[in-house]
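Across the two complexes that follow, chain A remains constant while its partner is chain B and subsequently chain C.
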Partner chain A sequence: MIIAQQKPIKDIAAMVSDCRKVALIGCAGCVTVCLSGGEKETEILASAMRMMRRLEGKPLETVTFTATRQCDPEYVDALEGLVKDVDAVISLACGVGVQYLAERFDKWVVPALNTNFIGGSRVHGVWEEKCGLCGDCILHKTGGICPIIRCSKSILNGPCGGSQYGKCEISKDVDCAWQLIYDRMKKLGRLDKLMEIQPAKDWSTSRDGGPRRAVREDVMIG
Partner chain B sequence: MSHYSKLHKILDSGQFAVTAEIGPPKHASAHGIRHHAHMLKNHVDATNITDCQTAIVRMSSIASGVHILDCGIEPIVQMTCRDRNRIAMQSDLLGAYSLGMRNVLCLSGDHQKFGNHPTSKNVYDVDSMQLIYLLRRMRDEKKFFSGEEIKEHEPRFFIGAVANPFADPFEYRVDRLEKKVEAGAEFIQTQCIFDMERFERFMEMVRARGIDQRVYILAGITPLKGWRAAKYLQTGVSGMLVPDSLVNRLKNAQDQKREGIEVAIEQIKYIRENVKGVHGVHIMAIAWEEVVPEIVERTGLFPRPKADLE
Partner chain C sequence: MRLQYSPNVRIVEMTCSGNIDHRVILNAFEEGADGVFVAGCMEGDCHFLKGNIRAKKRVHAVKKLLDEIGIGGERLEMYNLSSAQGSRFAEIADEMTARIRELGPNPLTGVGAACCGCSKEGGAK
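Up next is the complex of A and B:
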């Protein structure tokens, strides 16, 4: 899923400092699971902002709603009535949701979250990045551990000379992806696979090829 | 056999090679590096020119190489994968060759996190293994990295790489060295050796697999200015192993700098006499270039052989 975290409230407030009424739109997708933009977080942010503005002597009116998914036109359409008379829309979705709202409504739409990465949770309250969206998955060559995003240098023939005691040279808190790959290949009895020189990657399937689009004609309607 | 560089010729002749390192300045004057080049000229076969080492902006390694060459030393241009994509790399390689550079050392490069531009982007379009392979293919098969033919004047570099016997996983370090040799590396410079026992174990594995017969290995030696420098490398730099005994030896010395030089001399003598499969030394006197001549002289490696390219 997409992992996002809320921006500091003062930063969010600064984006709508000239507004009198705002809509805060949460999302029931990934950001609900990673506890940053679901119904609960939306209500808490709305009340915190109202309180802040009341103390400043510039009361703020808020309306709130949590969409099933902000990355789907169907659910975005349903927000029309809600955002009609607001000065700004604060989206608590990932960057995708913010853009869907901005595209759909002629309103000032601002992000309440920083979209960080795609990954999963390790333990409650800790999320980890797992995939760099390269568009040409090579996990079958690296024991199911992604070197593109989990190695700080995206090395395909690692580990580099900075790997020590299982950690990456950038921090003692970051595992060296190539140590993990080595350990796993060893366990699976596949170390010989690591002797193959992985060729330079074709990054054209990644963001380097320009904005991407996926089309499935078989499921298109009409 | 024709040789790609003077360093290649010396190694091929079976003589014990000596290389050193010159770090380009954080400004736009070549005065300092030219000074160092003149100082080292008669004592080394070639010098590495670092490529924005530790991710700190410095004069370009190729531009610095031009100055070094002009002063009479053969440069080994370092090229990291951190700052350039494959287009910029090849462009720089063509330019470097046209300017008389004949040796290239391929490395990953230190992550920018600890440099003076930690907010920058890194590139890593290709990794060091791929760079070695593509550089060799450029020379031997006349092909750009993309596979497109180089119609004429392909760059013909002597290709170097690094090996770090002190990083982990230790057992894999020899595999990775072998992989680099397979990719096309012709000479190897090792990370600074302080833990001699580990280096010997590494070389034992290298010899057992005959890798020392397929590539020239230059042992990395760094004279330390004092115990603080040793301690810093021990605790602050990932991929370094510095035994406590060395830190203490420097700490207890009357003149720490002298002791640092003595240690380096002992290490080189020890390696030459006891560690088979080593073809030379690479002396990395970090910001202390002036001690290199003494080290070379006192290890019996002076005078350096004459090796003009035909």
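Up next is the complex of A and C:
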């Protein structure tokens, strides 16, 4: 899922300081799971902002709603009636949701979250980055451990000289991905696979090729 | 046991302190409460094992938020006591009342209506 975290409330408030009525739109997708932009977080932010503005002597009226997904036009369309008379829309979705709302409505749309990475939860309340979105998955060659995002240098034939006692040179808290890969491949009895030299990666499938688009004609309607 | 404690304390019963939600606390302040204290069971005595520990963490998070928005985190406190400690409850109620008296009324009091017209639409479940 996409992992995002809420911006400091003062920063969010500053973005809508000249507005009298705002809609806070949560998202029931990834940001609900990572506890940053779901129904609960949307209501907490709305309540906190109302109190903050009352203390400033500039009361703020809020409307809250949590869309099934903000990254899907059908759910964004349904928000039309809700946002029509507000001065601004505060989106508690990832950057995708913010852009979908901004594209659909002629409104001042502001982000309440910082979108951090693609990852999963280790334990409740701890999320970690797991995928670098390179567009050409090589996890079958590395024992299910991604060297693109989990190796600080994204190297394909590791480890590098900065690997010490299983840790990366950037921090003693960061595992060396290539140590993990080696240990895993050894356990699986597939160390021979690591003897294969990986050529330079074609990064055109990643961000280097510009904004990406995926098309599935067989599922397109109309 | 007919114990006397500050009459200004209004009790909101919950099934477990672990059921406390940030929104319940914020709502109390938004509706004009001068202070809130959460009374959970003694640590280690939770029937649901970790309810009071979770409540403590949430209270801590809301205190931080109250500081950020200018209400003041010191208006909120978490206490641990067992249901058999009636006198301790009365003591806490008085202690908290004294603290809040010193802090003065909720800063929201007198700066606009009790509720500014928040409206909540039914969202995705």
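Rule of thumb we're sticking to: the second predicted complex is superposed on the first by the 222 of 222 C-alpha atoms of A that agree within 3 Å, B and C clash if a C-alpha of one lies under 4 Å from a C-alpha of the other, contacts with A are read in each partner's own complex, and residues count from 1 in each chain.
The rule we apply is simple: contacts are C-beta pairs under 8 Å (C-beta built on N, C-alpha and C of every residue); 3 or more make two chains touch, one makes a residue touch a chain.
For clarity, every value in this text was computed on a predicted model and none was experimentally measured.
Asks: After the match on chain A, would you call chain B and chain C a fit or a clash?
Replies: Fit: chain B and chain C sit side by side once superposed on chain A.
Asks: Once chain A of both complexes is superposed, is A:165 in touch with chain B (first), chain C (second), both, or neither?
Replies: A:165 sits against chain B, while chain C stays out of touch.
Asks: Check whether A:37 is in contact with chain B, with chain C, with both or with neither, and answer first, second, both or neither.
Replies: In the superposition, A:37 contacts neither chain B nor chain C.
Asks: Please indicate which partner A:47 is in contact with in the superposed arrangement: first for chain B, second for chain C, both, or neither.
Replies: A:47 contacts chain C only, not chain B.
Asks: With both complexes overlaid on chain A, does A:61 touch chain B (first), chain C (second), both or neither?
Replies: In the superposition, A:61 contacts chain C only.
Asks: Mind checking the angle chain B, chain A, chain C on Cα centres after superposing, to the nearest 10 degrees?
Replies: 120
Asks: If we overlay the two complexes on their shared chain A, which of chain B and chain C does A:154 touch? Say first, second, both or neither.
Replies: first
Asks: Once chain A of both complexes is superposed, is A:111 in touch with chain B (first), chain C (second), both, or neither?
Replies: neither
Asks: Check the superposed model and tell me the shortest C-alpha distance between chain B and chain C, rounded to whole Å.
Replies: 28
Asks: Considering only the defined contacts, which chain C positions touch chain A in the complex?
Replies: 21-23, 26-27, 29-30, 65, 68-71, 107-108, 111-113, 116-125
Asks: In the complex formed with chain B, which residues of chain A make contact?
Replies: Result: residues 152-171, 176, 179, 182-183, 191, 194-195, 197-200, 203 of chain A touch chain B.
Asks: Name, in rising order, each residue of chain A that touches chain C in their complex.
Replies: 8-10, 26, 28, 39-40, 42-44, 46-55, 57, 59-68, 75, 82
Asks: Any idea which chain B residues touch chain A in the complex?
Replies: Interface residues on chain B, with respect to chain A: 81-82, 86, 107-111, 113-114, 122, 124-130, 133-134, 145, 162-164, 166-169, 172, 175-176, 178-179, 182-183, 191, 238-240.
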